[in-house]
Amino acid sequence: MLAFGAHPDDIEFGCGGVIAREALLGRVVRLVVCSRGEAGTNGTPAQRAREARRAASLFGATLEFAELGGDAHFEVRPGYAIRLAAIIRRVRPAVVLAPSVVPNQHPDHVALGRLVRDACRLARYGGLRELRRQQPHAVGQLFYYAVTAEAEPTDLGRVLVDLSAPGVVAAWRAAMEAHGSQLQTRNYVELQLTRARLHGLRAGLAQATPLFFADPLVVDSLAALGRAARRF
Amino acid sequence: MLAFGAHPDDIEFGCGGVIAREALLGRVVRLVVCSRGEAGTNGTPAQRAREARRAASLFGATLEFAELGGDAHFEVRPGYAIRLAAIIRRVRPAVVLAPSVVPNQHPDHVALGRLVRDACRLARYGGLRELRRQQPHAVGQLFYYAVTAEAEPTDLGRVLVDLSAPGVVAAWRAAMEAHGSQLQTRNYVELQLTRARLHGLRAGLAQATPLFFADPLVVDSLAALGRAARRF
Amino acid sequence: MLAFGAHPDDIEFGCGGVIAREALLGRVVRLVVCSRGEAGTNGTPAQRAREARRAASLFGATLEFAELGGDAHFEVRPGYAIRLAAIIRRVRPAVVLAPSVVPNQHPDHVALGRLVRDACRLARYGGLRELRRQQPHAVGQLFYYAVTAEAEPTDLGRVLVDLSAPGVVAAWRAAMEAHGSQLQTRNYVELQLTRARLHGLRAGLAQATPLFFADPLVVDSLAALGRAARRF
Amino acid sequence: MLAFGAHPDDIEFGCGGVIAREALLGRVVRLVVCSRGEAGTNGTPAQRAREARRAASLFGATLEFAELGGDAHFEVRPGYAIRLAAIIRRVRPAVVLAPSVVPNQHPDHVALGRLVRDACRLARYGGLRELRRQQPHAVGQLFYYAVTAEAEPTDLGRVLVDLSAPGVVAAWRAAMEAHGSQLQTRNYVELQLTRARLHGLRAGLAQATPLFFADPLVVDSLAALGRAARRF
Amino acid sequence: MLAFGAHPDDIEFGCGGVIAREALLGRVVRLVVCSRGEAGTNGTPAQRAREARRAASLFGATLEFAELGGDAHFEVRPGYAIRLAAIIRRVRPAVVLAPSVVPNQHPDHVALGRLVRDACRLARYGGLRELRRQQPHAVGQLFYYAVTAEAEPTDLGRVLVDLSAPGVVAAWRAAMEAHGSQLQTRNYVELQLTRARLHGLRAGLAQATPLFFADPLVVDSLAALGRAARRF
Amino acid sequence: MLAFGAHPDDIEFGCGGVIAREALLGRVVRLVVCSRGEAGTNGTPAQRAREARRAASLFGATLEFAELGGDAHFEVRPGYAIRLAAIIRRVRPAVVLAPSVVPNQHPDHVALGRLVRDACRLARYGGLRELRRQQPHAVGQLFYYAVTAEAEPTDLGRVLVDLSAPGVVAAWRAAMEAHGSQLQTRNYVELQLTRARLHGLRAGLAQATPLFFADPLVVDSLAALGRAARRF
């Protein structure tokens, strides 16, 4: 599983519960952070990179940084999409996570969501000269996460990942709290836990995180979606 | 699995491939047909009921008829929704299939989709006097199918059921052809197979049928959606 | 051409310019009014029926009344849709006009739009017992009109009918003014002319009325849409 | 202010914070409950009516019951809309609150939202024979509330009512807890407080409730929306 | 209040009525024009700048020019968004007006709307090196205006500003007419007055201009929206 | 008629049936291909350019290449839009075809659709210094085509072009097969013919291709849309 974040704390805040869940199940998780948060109000770039590394290590995930023009300077340019496609070809993930492209949020989130979407397509084409040395790769499914509730798309398919298993929320919380520089002025941890609680309550679960997808899920049979039987 | 159809052939034409797939996997499938097609251009009600029974038996599915006012006379009334909720409480399915509620199609299809949607909710409430003798039941997931391509919703989550396994399309075709009275003037079988072929081609499969859902899928982990890894 | 209106003045106010245009071109126009406006603030039913007849005669159109439960009491019931389908089978029009189904307007308008939509479908089916004596008929195209600007759909295809030809606007205005009982308290004539002027100005025309359609237009070639060449 | 609820607890759960806020500011609040919850899993009709009366009295609001076919049996019929219009003409409110019409929720909520929407229109027309004795009344603004998070419309204008003033949340909680029969099996109070907390956190407030509107707000100047200046 | 326009006449044509209204109420209004219309069919850049200055002075508003690549060359680039954020930090407005981002209009309008949207977000972040010397500022509310009727969003909240007060429309008309170079070939003044008349007629007002917003309005109580009581 | 494609085969695969139809009717067709497919998996740029030329000659259409940054590198930049506007001013077409802007497809297709949309607007403005030597031109109507079924917009007006006339599908198939380098690994020809068959079956035609439009069609009368009479 490969997750992209615009700023050092976006993955943890936006889909850290899912990361924690998958990591606890033993899935290999790789994080790519595309800035050092250098335009944020609090925290130096070095400090924020340290926080991101610590959060990743709490998940047992790898972390690398990518460069898309710098914090608050992301642009949807083919060169950047190809850069992300190169990472996708190297990592060769089945599942990719990226911030949603809902317009009314931080412009870097929108830009990154679009870039990852384009990168997933470009990773499949054989002739891109910048990627000549890498084998094309077809991502299985791209899921969008929402960094905040405003960023939850309302026109896409939605999967709710149950975070109720023991240890998941604790691991998620620890990863969020690793971003100490961001917790001085606003209660982001509470915001995210409240959001997960609300999604959970709606589905009869303790906590849950929604993910969103545009390309249809392909299944061998509906039995593959068997959890549905216990849904309400 | 419980599937509802407005007219004797709607289930076969709209989601017969899915029925065939699930039946071949050994899943118990129950069909409920809500009219005898008495307003159709071709076929008598008795003939059409026979055709529906024959199609169901080809699937190895059970079939029953329900009454919602008669062909071309379906109405979205609570009494009818409660009638369908009674069937749901009796059958107690994990998965329910119903025609989509996209407005621009046969009004009975829209009405039935709405009635089943309401019925799934009402099946859960304990105090309904008409259903007093039945235990409430929570359906796991309601999927909509599209009787024709026009009826495919564009604003809901989408699952693509692979029909490539041996025997699935043949079983589906046989079930459609059981509705001989409907095949005299238009080539509905070709229409549906063309539609399934197009959906399949888009996903690199031989044939596929899309299903649509409004309530989010709940999963224990993304591994539950593991087919995604082989998606393109 | 067959146009349906919920109240005696709806056709004139909502698409009277189009009616005037087509009538001046010699096309046979038939109007069906589905109440006598008996719940309106001004005008008696008898007076309003007279006004509608006079407006129709100014267009050179025929007029008949239909009954759908009475003013402010329209319901979307199959019996009513079938009643309208019977009119469609009798008149056998290529083009049908009905009020749009945008929710936030007079409930009768929404109901009538839905009823006509259903009626166009039902008019095609051979087995409806209520219509047994009439030959099925397939309407060429259903266009929605908007009784007021709020009722203009924003998610449907749009055709702009040019009202610039000599005499069209004058004929339209006369037909609106035939509804004298409705012009005592609000300036509906100005409202509609302002709306047509605004639509016209946007397209470089003197006046225009938009019509809306859900089913795609079918054309032999793009040359059939040749006016497009002079669009801007 | 006039608020409509489908079941005895819907107003309290869906917009009780707003009611509490307005009541504390001295505004006259009238509640209309359209069933006694007789189809619910818990609580007898008599018990639930008592709970509703107690909740209303905690707000200092009046309460009356209306009849729209019974719990789980609401229908969108003109007769019911006119019945609600009669209440509107009697109460003559500037602001009306009703449940949203988002389809994927309890069918009674959708039906009531539509009935109130229609009732607001019908309250203005002079000729309705059932309402002949009442002066027409034009509601200032209809706001929809969402009984649950699923019911929040995503395509309407949105106002966020700040619940941070002293006493508001406590009064709201007390009114919700008055519905003791509904709190035995699910934690609805926590669900609603979590929802209000999430909306609040997003806007930098302690708690907030969103309301939704379709007809544009009319203002004398933007200064009327002056709170905006302190928005983030 | 801070209003942005892409070309020298966009503010006057698109929301000049609102500017006139607010200015007449004594509110400080600042206009930022982001090109000199150098790609337009009529008028030299110098002439158009003069016209814009004259229009601003008629409003009693200040005017400055910004540079976003030149007329017909606007791009959505972070550098430009930051440039606009710098203006926002300097002016520190509660309300910002920008052209809507509806796609099917002049590309500069779309680009400017997006840039202002991003700028409002970036103005709040503390670490942007380009803005290091300016205190972060949180805009109260961003409203979009529509330069033409085509550009009116249909999926956002809507406020209708009443222009009926004495002098407002006259001041607006004068400001539009200050752009004499643009009035030689098309009747833009009539277009805008017709549009305002239509919006007004729909709400029972003489003239009105709609504004649109994505972020919810935050209010202390519904009384803050009290004009609603006189809405129809 | 002027058609734009991102890659050498996009026009043929996406709207080749329409091109074939119009060409067979004697209409002058000009194709503009905006890359040589140099990032594709199969085929060299030289080979692909040859294939495009051959396909164009089969249609009897002219072909030219334009440069928008290279395959997989298209960007929505004003300079590129102006470049396309220059072609539009030179060719002066009534009808323009461009790929749709539905987000979830190849990023070049989205970018080209946006660039052509902007170019159609910019072609009309008199003062663009890059285009100073060319007379402004107003395109009659811009139609979008969908390179694949995923790219079909669901929120725009839709025209279905009948491909049933003798020779049309054969000519289309030949033009697709001219792109031999692209047919080694996937059955694109079958995909497109299946899509056209499905659209045709839905409308009672042998084959059909949908085109999509945002700006309303302007007509002198509904008789201009006369084919509608034979629609079902």
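Each chain gets a letter, A, B, C, D, E and F, in the order it is written, and its residues are counted from 1.
Assume contacts are C-beta pairs under 8 Å (C-beta built on N, C-alpha and C of every residue); 3 or more make two chains touch, one makes a residue touch a chain.
Everything quoted here is computed from the prediction, not taken from an experiment.
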Mutual neighbours - chains that touch chain B and chain D alike | A, C
Compare the CA centroid of chain F with every other chain's and tell me the farthest one.
-> D
Matching chain pair for B-C (criterion: over half of the contact pairs shared, by residue number), options A-D, C-E or E-F | E-F
Computed distance of Cα centres, chain D from chain C, in Å | 36
CA centroid of chain A to CA centroid of chain C, Å = 51
Residues of chain E engaged with two or more neighbouring chains = 215
Every chain pair meeting the touch definition is listed as A-B, A-D, A-E, A-F, B-C, B-D, B-F, C-D, C-E, C-F, D-E, E-F
The answer for chain A against chain D in the complex is residues 148-150, 154, 187, 190-191, 194-195, 197-198, 201-202
Which of the residues in chain C come into contact with chain B in the complex?
-> 77-79, 81-82, 101, 117-118, 121-122, 125-129, 136, 214-215
Could you please specify the touching residues of chain B with respect to chain C in the complex?
-> 37-42, 69, 71-75, 103-107
Residue set of chain B touching chain A in the complex reads 1, 18, 21-22, 25, 27, 94-95, 124, 138-141, 143, 155-162, 165, 203, 205, 208, 210-211, 213, 215-232
